[in-house]
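Letters A, B and C mark the chains in the order given here, with residues in each chain numbered from 1 onward.
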Amino acid sequence: MMSNLQFPKTAYPGKLICPQYSTENKDGEDIIFNYVCGSGTKLLHFEHNGRSIEAITATLVGTVKCEEEKNIDKEEEPEADQSTEEEQSVDASSSDVIKRIVKFIRVSVVPGGDDDCRTNKCANNDFANNLPKEGDIVLTRVTRLSLQRANVEILAVEDKPSPIDSGVGSNGMGIVAAGGGSGAATFSVSQASSDLGETFRGIIRSQDVRSTDRDRVKVIECFKPGDIVRAQVLSLGDGTNYYLTTARNDLGVVFARAANGAGGLMYATDWQMMTSPATGVTEKRKCAKPF
Amino acid sequence: MAENTALETIEVHPITFPPDVLARISPELSLQRHLSLGIRPCLRRYEEFRDITIENNTLSRYVEKDSVDAKNNILGSNILKSGKTVVITSITGGIIEENSASIKDLDDFGEDELYEVTKEEDEIANYASIYPVVEVERGRVGACTDEEMTISQKLYDSVLHSRILPKKALKVKAGVRSVNEDGTFSVLYPDELENDALNETNLKMKRKWSYVLYAKIIVLSRTGPVFDLCWNSLMYALQNVKLPKAFIDERASDLRMTIRTRGRSATIRETYEILCDQTKSLPLMISSQNIAFAANYGVIELDPESQLQNPDNAQEEVDIDMDKSQCILIADLDTEAEEISIHSTISVIASSAGRYKQLTLVGAGAKITPEMIKRSLLLSKVRANDLSARVKK
Amino acid sequence: MNVQDRRRLLGPAAAKPMAFSNAIIDEQQKKPVNMPSKDSENGDELSLHTGFIENCNGSALVEARNLRHQTSLITAVYGPRSIRGSFTSQGTISIQLKNGLLEKYNTNELKEVSGFLMGIFNSVVNLSRYPKSGIDIFVYLTYDKNLQSEAPAGESQSKKTFSEISYLIPHCITSITLALADAGIEIVDMAGAGEANGTVVSFIKNGEEIVGVWKDEGNNEDLLESVDDCKEQYRRYRDLMISCLLEQKSLDTSSS
């Protein structure tokens, strides 16, 4: 039992899950539970009987999950270690006799049912709440190359599908048989300028392609348009592009077709060479070490 | 998977992704993998169509037998659901004064004769079409997409050339509304029996009108090519269209007006009105033997490289398979993977009796063989049989 | 067809839309045959569905029917989608209302309503989770029928249309909330609203906070009373939405 509180099993937006703090006295020790907002929750301010309360509220429909924060030691901890929490110090000053333990518990709401098998496999399988953020591994497709950088579009955050509404059917990207699809210049409503396309875009600068010999990277020898590249998000970048890097062994091209897409699939034979098993052709790429 | 090169054997480590991620980053590969198992990403078999459900005439003004919905101007409607896709068709009408027909009424025999000759040459001129506006909802605003424009135009042309709507059926048999002595209105229609006694000249009008039909087709939840869904929905909707009877005011019936069509503003509205009867209506007489249903097919080459190997027939067959590729026919394309990877398509419009109205072949990529065309024609006929049976239920 | 887009097939220019004779309806139009059953007199019969549109992230269908109206609304939520232009640290919302088959409302009216709805949902959606992205919400007023026998012509026609659209707003809010929840977009609470006397009040947090007020012309004295009426309706709608969502979710669980 991680907490003395009875959590609701399922939640819907607006459902109060728990207050920010709760305490418990066990074996002469004060245990303070500090609940932290995970995904699908938000700390909201409520007025109740004239008192104001901060409570963690669900913002999604799904199952409530709570887990103890791993990075904070469960054992007795001096307050100094949690100096990030300002509220903590206020509480600490009032009591100094009793030994106290502070536990941080992350509360999140996960879409899907409790026993949903998909939930177990990839905990959060909707892209809507998995927008790429710093440090995420993303799968991208190369759209444009220049001497300084490769432009890519982000297809999926690793192991999580991207939104369903960004495919051919809805935005008409890609080539389809005559008489179908749409290549027309229609824009997302929220889109400020008139650039086409819906996917999130990214840039891999030439110095971010690999970690060694960074000044001598030739982008054209690392990527080709259409390649599927596994990359890591460096920063949210500017309005248009995320900044990405492939400077790690497990990052780089994972799927590529020979002869700029005309040939068959190629497989990585070493970190900068790919081979098509059908024709034996080799081409240069910055490959991801198969993982 | 092992691979032989002249020098050494390299073990290739396959990279694995969850299926939905693979479908996103490489739809072609995902499709090929599915096909090699004998199914499609939508879990249908190669030649399996999606089932449809239809609701006819639920939106029109003539929903209920004994009353009409006065504010509703929809003459016929259909809601067609096929898989996840929903197509809502509503047919509305307008009235246009016929200029060409009025030539016939002139006393100039020569012109009349010439008119007849050209008319016979061009039999298609006896048929009209419907003006469709297709809206595929995809969360965008702004200009209509080229898909919407292409489908609208194709629907228009196909209805015309399928000879479904004879111009005869769209003629307005206008009645005359007159004010009785007690101040009430009464409307007399030429086709109603009790009007026999009516003085012929009273109803003899120089002007002729015909109905114009418009279709608004809304596609929700588009998952694949939608032309045949729109067509089928339009066919169902056309079959339940009812045209309201129309009349003009007595004092306007022999009013002569020269109309200058200089721009759109010059309408005949100011001079007199042709009004439609609130309650009385006649079913639209379409040539029902020409009602046909559409189906589409795709041809794709199975890529030997991306086959999922069964462990039992693994090694020996691989080398032979690599060289010759096998093409398969896929019916009723759906899902993004199929739409993006299948470029050779066959589109057929056929009636249940085996009258073929349209055949479109687009060859790009995989080769369309005569056998495949035959097969698709046959399947289309079966499909049309199935679809046309839904109407009676 | 009042679409004026020349890229569409609009038919011959000289054709004019069918005009139905008005004089005759008034005599012939009887009281609506299918009056809803008496027990629904106090409120709407509401039917809610979610997640039936495939090419968007979340969708909802709301069908409401009471003595006066029969309405069906489809809402589709697209996004979060990438936006171009300068960096935004939080998401932007846009809401479009679209006329359905019966082109009943003019665009200005719809724009006004969508502006109002945008104000509500800007405060309901947890926008800080969606940097650099836009959430597009489309509401299709598929079907909207006035069941009341038409008032003798002419009388306060403009007022009529106003109160009609204000009648729709609570349902728009319901369906947008449902669609957002279906899309898995974070919202701080199930927003809902009620309508009374042409006044629409939208609430969150169990009626403790008001997120939007819409007022059409009409008497202003009983504003507080209207708020109470709205709150009552809001609670009813909210309970319905929650049970709908949870039911949907448990269905999901059983199927997988």
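One rule holds in what follows: contacts are C-beta pairs under 8 Å (C-beta built on N, C-alpha and C of every residue); 3 or more make two chains touch, one makes a residue touch a chain.
These are the chains along with the protein names UniProt gives them: A = CSL4-like protein; B = Ribosomal RNA-processing protein 43; C = MTR3-like protein.
What you see is a predicted model, and the numbers here were worked out from it, not measured in a lab.
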Quiz prompt | Identity of the most central chain, Cα criterion | solution = C
Self-check item: Remotest chain, chain A (CSL4-like protein) as reference, centres from CA atoms
Solution: B
Exercise. Mind checking the centre-to-centre distance between chain A (CSL4-like protein) and chain B? Centres are C-alpha means, answer in whole Å.
Key: 44
Quiz item: Where the CA atoms of chain A (CSL4-like protein) average out and where those of chain C (MTR3-like protein) average out, how many Å apart are those spots?
Solution: 33
Practice problem: Check each residue of chain B and list the ones that touch at least two other chains. | Solution: 138-139, 141, 143-144, 222-223
Practice problem: Name the residues of chain C (MTR3-like protein) that each touch 2 or more other chains. | Solution: 54-56, 78-79, 96, 136
Practice problem: Scan chain A (CSL4-like protein) for residues touching two or more other chains and write them down. | Solution: 165, 167, 169-170, 188-189
Exercise. Spell out the part of chain C (MTR3-like protein) that touches chain A (CSL4-like protein) in their complex, as residue ranges.
Key: 54-57, 78-88, 92-94, 96, 126, 129-136, 177, 181-190, 204-206, 208, 242, 245-246, 249-250, 252-253, 256
Self-check item: In the complex, chain A (CSL4-like protein) residues that touch chain C (MTR3-like protein)
Solution: 10, 12-14, 40, 42, 44, 46-47, 57, 59-62, 111-118, 126, 128-129, 131, 163-167, 169-170, 188-193, 195, 197-201, 236-240
Quiz item: If you look only at chain B, which of its residues touch chain A (CSL4-like protein) in the complex?
Solution: 1, 3, 5, 10, 12-15, 17-18, 20-21, 24-26, 29, 136, 138-148, 150, 154, 222-227, 298, 303, 305-306, 322, 336, 339-340, 342-345, 347, 360, 362, 364
Practice problem: State the interface residues of chain B toward chain C (MTR3-like protein) in the complex, per the touch definition above. | Solution: 59, 64, 66-67, 69-74, 77, 84-86, 88, 90, 92-97, 131-133, 137-139, 141, 143-144, 149, 152-153, 156, 177, 185, 187, 212, 214, 216, 218, 220-223, 244, 246-247, 261, 264, 267-269, 273-279
Quiz prompt | Residue ranges of chain A (CSL4-like protein) in contact with chain B within the complex | solution = 121-122, 139, 141, 155-156, 158-162, 165, 167-172, 174-189, 228, 254-255, 264-265, 267-269, 275, 277-278, 280, 288, 290-291
